[in-house]
Amino acid sequence: MTKKKLNIGLIGYGFMGRTHSNAYHRVKNFFDVPYEPVLQVVCGLVEAEAKAFAEQWGYKSHTTDWHKVVEDENIDVVEICVPNNLHAEIAIAAAKAGKAICCEKPLALNVSEAEEMVKVVEEAGVPNLVSFNYRRVPAVTLAKQLIDEGRLGKIFHYRANFLQDWTISAKVPQGGMATWRLDIKAAGSGVTGDLLAHCIDTAMWQNGPITDVCAMTETFIKERMHAETGKVEPVGIDDACTFLCHFDNGSLGNFESTRYARGHKALYTFEINGEKASIAWDLHDLHRLSYFDHSDESIVRGWRSIHVTDSDMPYMDKWWVPGLQIGYEHTFVHQVADFLQNLAEGKSTSPDFREALATQYVCDAVLTSAKNKKWETVKKA
Amino acid sequence: MTKKKLNIGLIGYGFMGRTHSNAYHRVKNFFDVPYEPVLQVVCGLVEAEAKAFAEQWGYKSHTTDWHKVVEDENIDVVEICVPNNLHAEIAIAAAKAGKAICCEKPLALNVSEAEEMVKVVEEAGVPNLVSFNYRRVPAVTLAKQLIDEGRLGKIFHYRANFLQDWTISAKVPQGGMATWRLDIKAAGSGVTGDLLAHCIDTAMWQNGPITDVCAMTETFIKERMHAETGKVEPVGIDDACTFLCHFDNGSLGNFESTRYARGHKALYTFEINGEKASIAWDLHDLHRLSYFDHSDESIVRGWRSIHVTDSDMPYMDKWWVPGLQIGYEHTFVHQVADFLQNLAEGKSTSPDFREALATQYVCDAVLTSAKNKKWETVKKA
Amino acid sequence: MTKKKLNIGLIGYGFMGRTHSNAYHRVKNFFDVPYEPVLQVVCGLVEAEAKAFAEQWGYKSHTTDWHKVVEDENIDVVEICVPNNLHAEIAIAAAKAGKAICCEKPLALNVSEAEEMVKVVEEAGVPNLVSFNYRRVPAVTLAKQLIDEGRLGKIFHYRANFLQDWTISAKVPQGGMATWRLDIKAAGSGVTGDLLAHCIDTAMWQNGPITDVCAMTETFIKERMHAETGKVEPVGIDDACTFLCHFDNGSLGNFESTRYARGHKALYTFEINGEKASIAWDLHDLHRLSYFDHSDESIVRGWRSIHVTDSDMPYMDKWWVPGLQIGYEHTFVHQVADFLQNLAEGKSTSPDFREALATQYVCDAVLTSAKNKKWETVKKA
Amino acid sequence: MTKKKLNIGLIGYGFMGRTHSNAYHRVKNFFDVPYEPVLQVVCGLVEAEAKAFAEQWGYKSHTTDWHKVVEDENIDVVEICVPNNLHAEIAIAAAKAGKAICCEKPLALNVSEAEEMVKVVEEAGVPNLVSFNYRRVPAVTLAKQLIDEGRLGKIFHYRANFLQDWTISAKVPQGGMATWRLDIKAAGSGVTGDLLAHCIDTAMWQNGPITDVCAMTETFIKERMHAETGKVEPVGIDDACTFLCHFDNGSLGNFESTRYARGHKALYTFEINGEKASIAWDLHDLHRLSYFDHSDESIVRGWRSIHVTDSDMPYMDKWWVPGLQIGYEHTFVHQVADFLQNLAEGKSTSPDFREALATQYVCDAVLTSAKNKKWETVKKA
């Protein structure tokens, strides 16, 4: 049975460009998807690099002009894997051209861009998705399932951290291809949009809306050389951000992110304490879910370390055998598998732009709170 | 060589009364202390219970009137192990009677009491100590030593939690002998004074003063039966408290405590991230210190799990052999060993009342911040 | 720059057929290999399944007759992913046809087959490789590197386990596609050839030859239904095998494998104790290496948990960013990357058939020892 | 209510003398025991040291002649805490004098001594106990309870290690007060009697008799200076010992001990795999029991880490509050508590001399097997 071809255009050949390309290559070997994805074109700033990327990843062509991708009648899906300051313009153009869109997170530089993006994709009626990939770590998906089944009971606490240490040295520059995440113009914010956005997306998916926040941010290193200009410039992003919040369900939230936590590379963790059970997870051992069930008999009650590799675990029937783990990149494969399935049904995939807007509202309230040093109410998406 | 006898009067025969009594019994077997402690008298509310306690722990006499302990000329040291609302009155009387004092934490019900207590002990010139015992877990003392040696470099983050789950059931009463910690009149506050006070004491000892705080508290169960009256009454304490803060050295703090974290009994944890190294610890495996040293060669760099049992570790030359751990109660033995040594030199032992007042100021600012929903500056001790 | 095409013929479309196919697909996206692998043909027992596999994995054709693969002039490399009883015949035919060969482990049903296979591939001069894939887990490769650098000093102990629990139920059949590993005719042995062979291969690679062994085996469930015949037949394989051994370097070995260790799915672990340092690893958290260095300063000495994800770790410069882990299947990608590089240089890749013969000698001695209940000397390869 | 006094005579003031003395001091504060133990006399080689020990631990007198302890009519219980070569003579004399006896492990230098000891204590009808203290770690006692309740089902595997690293240096002497454990004359054997005896005692208590063994021993450092003579002498003990065995219930055993496992101080571990559940424990985190229950629902099935501190855990109602752990020395307190209770009922306490003889038979078979390089049947006690 020959499947319908689905033509993919990728904009951005950096780290995320690689994860998305890999996902399209692999999905067909492991999932029964309704399309045959075809990597048509990759677009990037430097022609030679775009060409090399196309060769390595099997794109049929390359370009340095993203408009060509968006305007190409042959393209069905636009993948947006560029710095945050370009998301809005590209996504809006793609939506107006009728493309399905998969956009990297965070959705936009700021709330006004994000609101516009939601408006346009919804008017255009194009399927859309924002790549908050950590939802699709099997252990994280399992956590959501356990919560939805009511196993935790009433939730009291939600705690999440995303800790890194790669910018401690004052020699790390800002701006440019490798370090645009430190440049306020390209990134919009620091750890808030880059890392806390992930935590917030997962948290609201699992635990519902956040209603108000109180945040503290810090920029430990005040000036860094800009990679493009070579000049030392003030650093505009938040190096660290911690915030308190309330969820709509009455539970309390505590979120922290930093790039100055020596010893942690990408330590995204969350813990949820409910009346009946608790759950904890961390990205450094992403295939394990910790689970404490108070209904266990008391003398054998303890935190369970669930090795999420059995075939009855989310997505895991597609991979290997029990005990053998998958890794980071597989989250994108799961995302594409779900995206293609929904696409065949004309639907968006969660988290879509509107859900990502809700996360953007929280990020916005967090940054405002930190600036004004007071509690902020979160706008409803 | 016969040692000078030191006569001890204990007020309060609850959980803490047991830990203090045990410490006096054991210290002489393991430490070369300058006194022979003699357990003279125990005081408590119920005569039969005080008598039974005296028999079990070898006190020569018992009483139900604490004034008799304080006024007894024969008593050298008064140990205050009663609910928080009695600390000030007893401590002040003991100081005026010229007794050395070891007071359970938190120092007082509130700042004004605590200030008066500091004033009186300092005027009286009596050696004093507040029993923040966790400083003297060998792994915690080692952490302090590593920080003082400059191994962490500039500190960026201090994170501490104290998580319990024993009050989740609405059937737990407030007030009375077993549950006075839930009664605002006896305890002054909930987790803030009971648990966060420990975290704050350790944090300021390791990382210097806290300058300002922003807190959120919650009382999940609004009414509980009072154990003494049998009536359902409003709950006045904080069930949970989270706060952000700045330290004087520019680092950021994040503290959380709750009695609604299902699965955790007494999970006091801290983590300190410095430019050069990081440290983490938790009370559930109190003999381990986690340490990450960035100066390690990159291919063998990782978090080290230090099993703090060797004889070159703090206090550990007094106990058994490498690999064999000690437990919770030993922190009180260490405290008494230090207290007796200082006493012989006419000195107070850290943390003394003045240091505990600094912690009280932070607790006060935390509770005020939570009430007013804004940042509060911490008063300097 | 167009690369030379390399035509691959796969024999066997089971679990291992999938891992090998995946490796060939992915290697070009991540490694700069000297060939363009082309998946030409897959061979398997059931025509419809072979066809479906070919479609899913992009093989150009399929067949049910392995001779056609071996005899196809167009094929450069033969991948042998069938049950152990077919390895010898196919490998020998492939070698005689001048094909490069990648054979699944264990090399053969028994020593005499294995010796013949070595003889033929060496006479034919064809590049050969046996797929002991766990050598190429980055943490395992790093362990080898640390040993080779002399960091452990003189080795005293080597301990390895491979624990599973999937055959505890008496209802699991023997024989057939899914459970041929329980059929003595297809597998040659039980856990010894299936699981201990991995441990032995890694151990001798890291720690040198094993000289003598003393083993104990057990078959807990004596009869199982045969999946093909439907008849209950005696079980001929070893369900569990433990053995003691000496290494040529004077260290002691302790190896255990079982499929009756409730709670463990694929818990391959090893620990090596040297005079100066020790190393430990387990497959369930395969990206971590535990390392203890006695030369660390005593107060900060502890087992280090090395998260093997940085770009200076073996193979890890090819994948994502620090902190993000890869999984099981990547070991096969690494294997293929090394295989292709060596192929371009006309060389075999370690472990080649001769090295795998050494492992077969140990397995043989182990089984003989268990049968005879005495120590056995291991034949030298 | 005044309790009957029980007069204790301690022979040996080393490491074990301290643990036993501490246990007698503490037991009355925490357990409701039927006697008031009185530390009457301590006996040791060096008069000044015996005197200092008596002062530190509150013994009323001291002596250098153990006969005086045994012959003292005033003494009710003799505690034997001297090197192994003195156990038999003292225990036999004490039994003949009608004393209750608590003897350190291993029971004796060898089987013939041990058999004689059993004969004499049984003829004398004196209560007797051998101090295999690890049975009384609460987590280990809990493990026994879970097994006895049938929670594990049929047992397949028993695995135990006892790993240390304190004799790796060739400079460690043999003989003398501190290092008699390396002197074959004083110790009888090396790790087999010192460490494996613990593992064997626990194993047979939990899993029943061991029927036959096959062992390998090694002495890595062949000569060491003798601490008393100053001469370099051959080392007669086993530095390392590993053995395979069968239990009477059909399960397989794998035991290993060494003093050359760099990075481990006192890592006694065991794991038991049953049809329905598995259990694991290690001494370095002695308050935790790992438990895997296959009957858990599959998506939340995992190893549970049971923090054995709640008041419904063995012995734990006597100590502090949930979450707060006890340590190594408490095992001896538990032992004394049980011993005193049984004494009041005229009974021996498990493990008594006869049970310890069974362990001695296994140790003997292990050493014989290692010497003869063949399987040995274990004599039945």
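Here the chain labels run A, B, C and D in written order, and each chain numbers its own residues starting at 1.
We adopt the following convention: contacts are C-beta pairs under 8 Å (C-beta built on N, C-alpha and C of every residue); 3 or more make two chains touch, one makes a residue touch a chain.
Note that this is a predicted model, so its numbers are computed, not measured.
Chemist: Looking only at C-beta pairs in contact, point me to the busier pair out of B-C and A-C.
Modeler: More contacting C-beta pairs are found at A-C.
Chemist: Taking each chain's centre as the mean of its CA atoms, which one is farthest from the centre of chain B?
Modeler: C
Chemist: Roughly how many whole angstrom separate the Cα centroids of chain A and chain C?
Modeler: About 36 Å separates the centre of chain A from that of chain C.
Chemist: In whole angstrom, what separates the CA-based centres of chain B and chain C?
Modeler: Between these chains, centre-to-centre, one finds 55 Å.
Chemist: Which chain C residues sit where two or more other chains touch them?
Modeler: 264, 303, 307, 310
Chemist: Could you list, by residue number, the parts of chain C that touch chain A in their complex?
Modeler: 15, 18-19, 21-22, 25-26, 28-29, 56-58, 164, 166, 264-267, 283-286, 288, 307, 309-310, 319-330
Chemist: Could you pull out which chain D residues touch chain C in their complex?
Modeler: Listed in rising order, the residues of chain D that touch chain C are 152, 156-157, 159, 163, 165, 168, 214-216, 218, 220, 240, 242-244, 246, 252, 254, 256, 258, 260-264, 273-278, 292, 294, 303, 373-375.
Chemist: Would you mind writing out the residues of chain A in touch with chain D in their complex?
Modeler: 142, 145-146, 151, 289, 291, 293, 296, 298-307, 310, 312-313
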